[in-house]
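The two complexes that follow have chain A in common; it is paired with chain B in the first and with chain C in the second.
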Partner chain A sequence: MARRVGIVAVAQTKFEEKPGVHIGELLYQASRDVMKQTGLEFKDDGTGIDCTVASGYDMMSGPGGAYMFLGYIVGAWQREDERVIEDGSMAVYYGAAQILSGHADVALVVGYSKETQIDKNLIECLSLDQIYQRRIGLDFVSSAALQAMRYTTKYGITPEQLAKVVVKARKNAKNNPYAYCCDSLSVQDVLRSTMLCDPIRVQEAKPTPVDGACALILANEEKAKKLTKKPVWITGVSSCYDHHELGYRDLADCDSLVTAASKAYKMAGITNPFKEFDVAEISEHYSYQEPLWYEGLGLCGKGQGGKLIDSGKTQMGGELPVNPSGGVLSGIPHCLAGMHSVVECALQLRGEAGDRQVKGAKKALAHGVDGPAGQLHCVITLEN
Partner chain B sequence: MSQNIKKSVADIPEDTIVVEVQGHSNFLVTVGNTGHQFMLELKDNKTITGIKCPGCKKVYVPPRSHCPTCFVKMTEWVKLSGKGTLDTYTVVRYKEQYMPKEPPYAYGVIKLDGADTGIVHMIGGVDLNKIKVGMKMEPVFKEQREGSILDIEYFKPV
Partner chain C sequence: MLKKEEPQDPSVAFRYPRVITYKHSLGYQSKFAHALKMGRIIATKCPVDGRCTIPPRIVCPMHHVKQTEWVDQGQRGKLLSAFKINFPMFDSRTGDLKSWETPIVSIELEGGARMDGWCSETDTEKLKPGMVLEAVWRPAEERQGRVDDILYWKPV
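Our next item is the complex of A and B:
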């Protein structure tokens, strides 16, 4: 990257069912947290926060609402305030782009999701193609299941390998006080859980509903150095969309992730991601996605994701711990997961990740995904 | 109902004041010229048609107005036999209001002979436990057709 964008503060709420909490209250908590950490307020004279970028899906908050929730809550009204509808990683990307373009020096990036007040599967069905896919009742669960079956069949990925992903996630989540769901599941527990949508079992799908919010403050290099002693630098960022029509892709290969990752790595000068990254936070909404995204991210070869799980190298204490936070399988809401990945990576690089800290982490990989069967991927590389 | 799709609206404490927000708008989405031609063939001739890109020569089904790769307009229609190979499948075991039939039922991606893409549809006429990737499939059409992707009732093993 020509110039550097620094993350100067991050915050997250506890992830849980918060049925009595308004979205505004969720956003206020996370936003005020990062503003207090930095002492920054909204200012028009270039001495405070210049703009906001919010991620959150209107339909996920009760139809409509795009114009209501953020501005007055965080003091952004009468200011530049952008909306990103996809995964929260895209809001981080957009905030970084605003700073790199020189339009802003300091940006507040926030994301929320309130799954307790919506019917998640219905909303996801409604975001599919109206003419061909929605009519047959397809949704994100069944789309993912079609991908899971294709991937596991093509490459011989076993149910046990996928169950290990869930076991790892829930075990890691025990070290994360913000996590929704942590327990001592065994591989057998996962394999014995009810079949949801073959080959995906209930325990292999993201727990839902979960509510929560995240916030970050991004700043240009000069200001970042003044605002914190521990800036985390965004060294590379890229996203890529695949076709929404599932039959137009080979679901066993995540081409859009390969493209997003290679562009982000090129910006960051990363040539051997598995060796160079010290920690990764990858958005796995279903167990099969972790090994498949490993492949797309170039952490292993095509079809080798299951073996990488078996090797234990991505567990805590391994060569490249993946999802020390517990990841999406421990319950991060839709639309927020990728922003949460960035927040967790920033905590790791600041050495502030508590019991889930990967010692001495210098380079981190954050990933977000949205759309049916991994249509959109966003990859963000970070360094301290 | 599975744990994954429990409706937490019902879990909101009784003393919480809530506002019920309904989607007040219905949508009428036109299928466009390309979709129209495809739907007419389903309805009138029980035929699945693909559309061929003049650039890369790929045949797309379901058809779209222009090639997503070459970004050129596609106008050459290709009649397909409807037979194809099952690329992947799933069995839906949870229930939602928008589903066209009672679970359990199956979806598949069927790579049609003569096309370069797969079509997503339901699978029927087979024991759900006996569906296998690689099976040869063919469409079963509804008796009463209206010009809809649902004019294909499902694909069944040949």
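Our next item is the complex of A and C:
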């Protein structure tokens, strides 16, 4: 990258059901936190925050959440204030682009999710093709089930391997004070849990509903160095969309993730991701996605994701700990997951990840996903 | 390829009957909802310039300072503008198309905050900016802490 984008502050709320908390309060909490850390306010003279990028899916939460509340909550009123209605990682990408282009020096990136306000399957169903798929009853869960079946069948991934993903997530979440679910689960507990959508069991799916918010402040190199002693640099970023129609893809593979990752790695000069990264935060909404995304991210070969889980190399203390935070499977809400991945990676690279810290982490991999069966992937590489 | 004589439907109609229930968290706004049940209109006040806002806000939209003070807005206000919808419009409460006899009015309350509502005067010619309107409430036992607890605004 010709210019460098630095993350100078990150914040997150506790992830939990917050039926008594207004969206505005969630946004205020997270955005005020990063503004306090940096001492930055919105300014018109180039000495403060220049613009905002916000993610949040209005239909999922009821009000035009981002549109109605964000401007005045964070002080972005009558200023540039962009919206991303996709995974939160795309808002980070957009914020970085604002700075890389020279359009802004300092950007506030915020995201929220308020799953307690709606039965999200009702809305997700509307994301599918209106003529050919909706009437079949497809939504994100059933699309994932189709992908899980195809992936595990093609590559012989076992239910035990997938259960280990959940066990790892919940074990890691115990070290994360912000996590929603950190119950001790065994492989047998996961395998005995109720079938949600064959072959996905209840414990193999993202717990829901969960509410929360995240915020980051991004700055250009010069300002980042002044704003913090511990800037975290965004070294590579890319996203890629696959076909929306499930039948156009081989769901056993995730070609759009391969493309997004290879572009981000090229930008960052990463040639051997498994060896070079010290920590990764990957958005797995279902257990099968973690090994499948490993493959797409080039952390192992095609069909080798299950073996990588078995090897224990992605556990805490392993060669490349994946999701020390507990990740989405411990309850990070929809739309916020990828932004949360970046926040967690930044904490790791600042050495501020508390009990979930990967010692001496220098390079981190953050990933976000959206759409049915991983249609959109966003990959962000970070360095301290 | 389709032969010319084969039918080519220009569109297909699907209905999506469903009930979408949002459980909107009120948070700090629950004070406002509770006041409505009591037959009162309250607003948050900016500590910088004293301006009151409805919907109530956690921070002042203009000065970005936290608003903690609540101020009673009274039962009367001045008409700012009024209009009538002259075509069938959705009633967001029922999902049905209906014709709207009552004009929608924007009012500046005695306490300074502005809010919208319906007006009992159906002849918009008689609605002049600056005229005083008064809130007419549902019976106390029917109020649910929603803005339509105010049935309509009546010229004084």
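Operating definition for what follows: the second predicted complex is superposed on the first by the 380 of 384 C-alpha atoms of A that agree within 3 Å, B and C clash if a C-alpha of one lies under 4 Å from a C-alpha of the other, contacts with A are read in each partner's own complex, and residues count from 1 in each chain.
The rule we apply is simple: contacts are C-beta pairs under 8 Å (C-beta built on N, C-alpha and C of every residue); 3 or more make two chains touch, one makes a residue touch a chain.
Just so we're clear, the structure is a prediction, and the values are computed from it rather than from any experiment.
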Partner chain(s) touched by A:T194 [first = chain B, second = chain C, both, neither]: first
Touched partner set for A:Y28, first chain B, second chain C, both or neither: second
First (chain B), second (chain C), both or neither touched by A:E115: first
Comparison of chain B and chain C by chain A residues contacted: B
Partner chain(s) touched by A:Q130 [first = chain B, second = chain C, both, neither]: both
Partner chain in contact with A:D139 - chain B first, chain C second, else both or neither: first
First (chain B), second (chain C), both or neither touched by A:E17: first
Shared contact residues on chain A - chain B and chain C: 19-20, 62-63, 116-117, 119, 122, 130-131, 134-135
In the complex with chain B, residue positions of chain A that touch it: 17, 19-20, 62-64, 115-117, 119-122, 125, 130-139, 141-142, 145-150, 153, 194-200, 202, 205, 207-209, 243, 245-248, 251
Complex contact set, residues of chain B against chain A: 2-9, 11-13, 16, 21-23, 27, 29, 31, 35, 60-62, 64, 68, 87-94, 96-101, 107-111, 117-122, 133, 148-150
Contact footprint of chain A on chain C as seen in their complex: 12, 14, 16, 18, 20-30, 57-62, 64
Touch list for chain A against partner chain C, complex: 18-25, 28, 41-42, 61-63, 71-73, 75, 77, 114, 116-119, 122-123, 126, 130-131, 134-135
